[in-house]
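In the two assemblies presented below, subunit A is common to both, partnered first by subunit B and then by subunit C.
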Partner chain A sequence: MQVPFQLIINMAITASSYALITLGFNLIYRNTKFFNMSHGIAMVGGYVVFFATSVLGWNIFLSIFSGIFASGIIGYWAYVLVFLPLRKRKASSMTMMIASIGVLSIVQSIVAFLFTNKFQTMPNDLLIGKTHIAGGIITNTQILIIFAPFIVLLGMTLLYKKTSFGKIAESIADNENLAKIVGINTDEFIGYIFFIGSAISGLSGISSGFSSGIEPGMGSGLFIKGIIASIIGGIGNIRGGIVGSFLLSFIENIVAWKISGEWKDIISFIMLIAVLILRPTGIINEKK
Partner chain B sequence: MEYFIYLTTTIFIYAILAISLNLVAGYTGLFSMTQASFFGIGAYASAILTTRYGLPFSYSILVGILITTLVSFLVGIISNNFKNDYYMLVTLAFNAIIFGLFVNWQSVTHGSLGIYGIQKPALLGHLFPESISFLILVFIFFLPIYLISYFMVKSPFGIALRAIREDEKVAQLFGYNIKNYKLSIFIIGAIMAGIAGSLFASQVSFISPPSFALSESIFILSMIILGGLSDLNGSLLGAIFLVILPEFLSFIGFSQEVAAQMRQALYGLALVFIILYCPKGILGKYEL
Partner chain C sequence: MNKPTKTIIAAIIAILVIAGIWMVSTKDHTKKDTATSNGKPAAQKTVTIGAILGLTGEAASYGQGAQKGIELAVEKIKREKNLDVQMVYEDSQMDPKKAVDSFQKLTSLKDVKYFTTMSSGEMLAICPLAESKKDVLVGTGSSSAITNCGDYTFRDMPSDSFQGKEMAKKIYDRGVRKVAIMYINNEYGTGIKDEFTKNFQGEIVASEAHDPKGTDFRTQLTKVKSFNPDAIVLISQLSEGSALLKQKGELEISIPIYTSEGLKDENLIKNVPAEALKNIYSFFPIQYSGKESKEYKDNYTQKFDEDYAAFSDYMYDTILMLADAMDKCVNPNDAECVKNKLYEINITGATGKIVLDKNGDLEAKTYDLYTIQNNQFVAAN
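On to the complex of A and B.
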């Protein structure tokens, strides 16, 4: 069976977008234990880059930095204004999830309000040039997109293994009350986690903006796939999320190739339900 | 006057939907995110049978009820295995799957082109203008649904539902078969939503998949959270509020597109503010 080269590239690009979502999502989930639907603000990153490059004429790297930063700030304020008060009230994870859907709706409508609901493409490429490998062509932008989650994973691993930040984050994930007792301001710390997680989410919005354009609803669409990938890989498991992303993207692209592109969404949601029924801890077991 | 009648009709249709979800979410604590898909199944059943096979409205609504019963039975059995946020996630996936079927099962649903020219049933001959007779018809459906729900929640059945919401284990100890209770109320809610869908299809005369997307389920959820969980008048109030407010916005001079964005922002805001500052909603008896 000859698998088209383009299919493999598409698979890797989709997987990378999902993987970026799962990285930030799992990071936040580890410390807060709720399905943060407002993680779908990914499109903010894409739109900030779009605005900064096409309207303000900024340098592309400055724009990307602002896009990531803006998403992080929005995530942080969503935490301060909505999730922190709810945490203080000891709201259930379901209540938090419903509130986060509200946050996502608000951000999404503000983006649609500012930039209209239309589908838009990024004005220029991130990197110019193409590379020839194995008889196919891949643009340099695509290569960067494929490597982005691994760069982020590397950064996160360094942050978690080498700094006290990581130790604090893991102690909160293990036992929040104990972390409080030893004097960690967990409420404040989770705010930083929200900033980092949402910034990564913004990066995924940027990367999928470069690979397939931007629209206000793309954040929630991308995010839902990210959450499916997270659950396939085991919720809260950072590396599992990446494996789940590649698996999900693989199945989606095979379905799109052999059956039809329109059925891939249905298949991914059926996968979500199947995984939740058959193996709710995800396909990868995290050693405790 | 036409406009006023149209709005009132819309409010009653959405009130049926809100009540249907309130029975499931507010009274039983099952926060289903798939209510819009049953709404859609009712609407498609009615639309297809009346436009393509020339069946009268009354038969089409019966077939719609039959299909929603079957589908909700399957969906209910599977989602009953989950609780709280996982329940929301699984029902959300079902909404996405059924939405995908509306889009992709083109031989039946015409895909995203939708179905045109759905007739309003002629009630009482031609005694009244079409819009008024349709309003009467909607009210004829609304009233028994409201009354049945009213007596149902007061009955031992309704008390059992609330017991399940408060503490499933205790309810089980008292000998209630909670699975059956949950499944029954889920199916009852789905049937009501399906009826609302049949009415909706006749009212707007054109239906397409976006009316039954996940965002619509979120819209219904914000209605009952705003109006108040576990209170039927709250559902009515929530429907009035969230139907009239966007209309009011377009009335005071916002363009149609801006008003549509604002509708989304409003229900997002309603969700966040109610959960933060008034967790019981306006009339509710159950705190999120």
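On to the complex of A and C.
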């Protein structure tokens, strides 16, 4: 019984990094309807935390907050400088996607330029100590990593159900032109959505920084898995993304366990293609 | 913006562009002028070597270090030999495709006959072209496939296949009978793994590949642990290896781990918490510590004010070895003669004795085993 439980822990850690990506990605997708590749700027969060703790010597929680905030700001400015002008020109979602790849490359290159391309690990653990459960081992940092997407989901649910922010966001997601007619400044509002979505992306970079390490290209790798999870769960579907993440991670880990580790990526793309062919709307039905 | 402002801005941009072009072109001229007027006495023979290095991009730290090593070699050659070596650097970002472009550029535009490059991927991409043009290629690639490149390719780095054999033998000699292999799924990893598998006399209970750029190794580690091997053989590179060892520590796996030479890097100690680095043994080509090595390290530190970069000493030796062969030819630009002389090479460089076998490979160099104590790599007993 010992080994399988460790497998569940491993699965949950990986799933959480994917889930954080899907949360921010789906949030932005709902309101803009384009594939925002610049969502892969997740590494910004990781690097800010790394810099703040190891160079500036800041408190770890302050560093994490700064990392999340910095990612949000970068996402917001990417929107103001790149995506907003394109939206005003009624650019197609294909153009927007290509522009977002450009944004990702620029941010990635700047990070590599500032911090080198070397792989680095976080200087110290977030929480000290380990917990042994049912023969498996989990560090306390990892427990926090697993809970992170659920905390974010809870926050988002409260924001959507209890505030006017949520109602406005949903009205834009439903019909942007109608929202404009009733007097909502949709351009400005989507900027806020970009801020929140990118901040969540930054959090996923921080979380995977603590679980393995950081390097400038890590965002894209994480993002691809996040996208696959989003598509499996139904693109734009926030809860579906979380279910997709856990399903993807579960299958990846089972394959690594039963067959071999190099099949992990192959199986995730097979899943992606299977879902696209058999159930392009994703496995989770969203009630309207 | 009104019209006059636009015109002014356009004019300024035009002036800047023209000034830029002018400055670049004159800069080039001055460089050439000084090269000829300050040049060595006419008696010195000039040879050009093309260095295709990853000066930018992911492997920039290696490429820039190599360039510094080469500069030191060129200075030494100018001091000691009747040879004026001119280097032409091309940035390949350590990408084999770009390395081929650089090679084509150097042969067609500058008529270069001698080339050096660092990584296995680049050497393997260039070597068929160099062979067909009968140009000499020297480098530090370790892939076992380089052995079959042909007559005009040489290296002063032990072949991976040799490392695989050495690992198999030494690990067995240390009493390990049951191993699990974890290897990176690329040329480097599979090359060493295949040789290890062929030569290891004990039992191999698992052989797990991980993808380059992979970050999540927990399930593979859990799986390997369940086989209860005497030791894990880890054939990987710094990023993947660091993440893997960190996760190994978190999973409290205490099985001894033997790593390939790629992980004997100071950055490993920086990246991985100390408790995860217990019971780690790293193979590394035996370190030469004679006067040539000391001379190199001192010169490097003196000139560049930093510790010598990993593998830069091998690149330094690569150039010394090539220059030694050139010096023995009446006409150093006769690539055929230089090629023949390279097979007879017998010098001692910063990395030790360099003697090449009939395949242009470095003659067997043994490997030392290192372990980590007090945040330092020390010889393991």
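Quick note on the criterion: the second predicted complex is superposed on the first by the 285 of 288 C-alpha atoms of A that agree within 3 Å, B and C clash if a C-alpha of one lies under 4 Å from a C-alpha of the other, contacts with A are read in each partner's own complex, and residues count from 1 in each chain.
Quick note on the criterion: a contact is a pair of C-beta atoms (placed from the backbone, for glycine too) under 8 Å apart; a residue touches a chain by one contact, two chains touch by 3 or more.
Keep in mind it's a predicted model, so treat the numbers as computed, not measured.
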Worksheet entry | Superposition on subunit A - do subunit B and subunit C clash or fit | clash
Discussion item. I'd like to know which partner A:L56 touches here: subunit B for first, subunit C for second, both or neither.
Written reply: neither
Item to complete: May I ask you to decide whether A:E262 touches subunit B, subunit C, both, or neither, giving the answer as first, second, both or neither?
Response: both
Practice prompt. Using the superposition on chain A described above, determine whether A:T14 touches subunit B (first), subunit C (second), both, or neither.
Written response: second
Discussion item. Is A:K118 touching anything from subunit B or subunit C once the two structures are fitted on A? First, second, both or neither.
Written reply: second
Fill in: Touched partner set for A:S105, first subunit B, second subunit C, both or neither
first
Worksheet item: Touch check for A:M218: first (subunit B), second (subunit C), both, or neither?
Response: second
Discussion item. If I apply the document's touch criterion, which positions on subunit A are contacted by subunit B in one structure and by subunit C in the other?
Written reply: 112, 116-117, 260, 262, 265
Worksheet entry | Contact set on subunit B toward subunit A in their complex | 31, 78, 81-82, 84-86, 88-90, 92-94, 96-97, 100-101, 103-104, 215, 218, 221-222, 225, 257-258, 261-262, 264-265, 267-272, 275-276, 279, 288
Item to complete: Quick one: which bits of subunit A touch subunit B in the complex? Just the residue numbers, please.
Response: 34-35, 82, 85-86, 91-95, 97-99, 101-106, 108-110, 112-113, 116-117, 224, 227, 231, 260, 262-263, 265-266, 269-270, 272-273, 276-277, 280
Discussion item. So in the complex, the part of subunit A that touches subunit C is made up of which residues?
Written reply: 3, 6-7, 9-11, 13-14, 112, 116-121, 125, 130, 137, 139, 142, 208, 211-213, 215, 217-218, 221, 253, 256-257, 260-262, 264-265
Worksheet entry | Complex contacts: residues of subunit C adjacent to subunit A | 57-61, 185, 208-211, 213-220, 222-223, 226, 238-239, 242-243, 246-247, 250-252, 267, 270-273
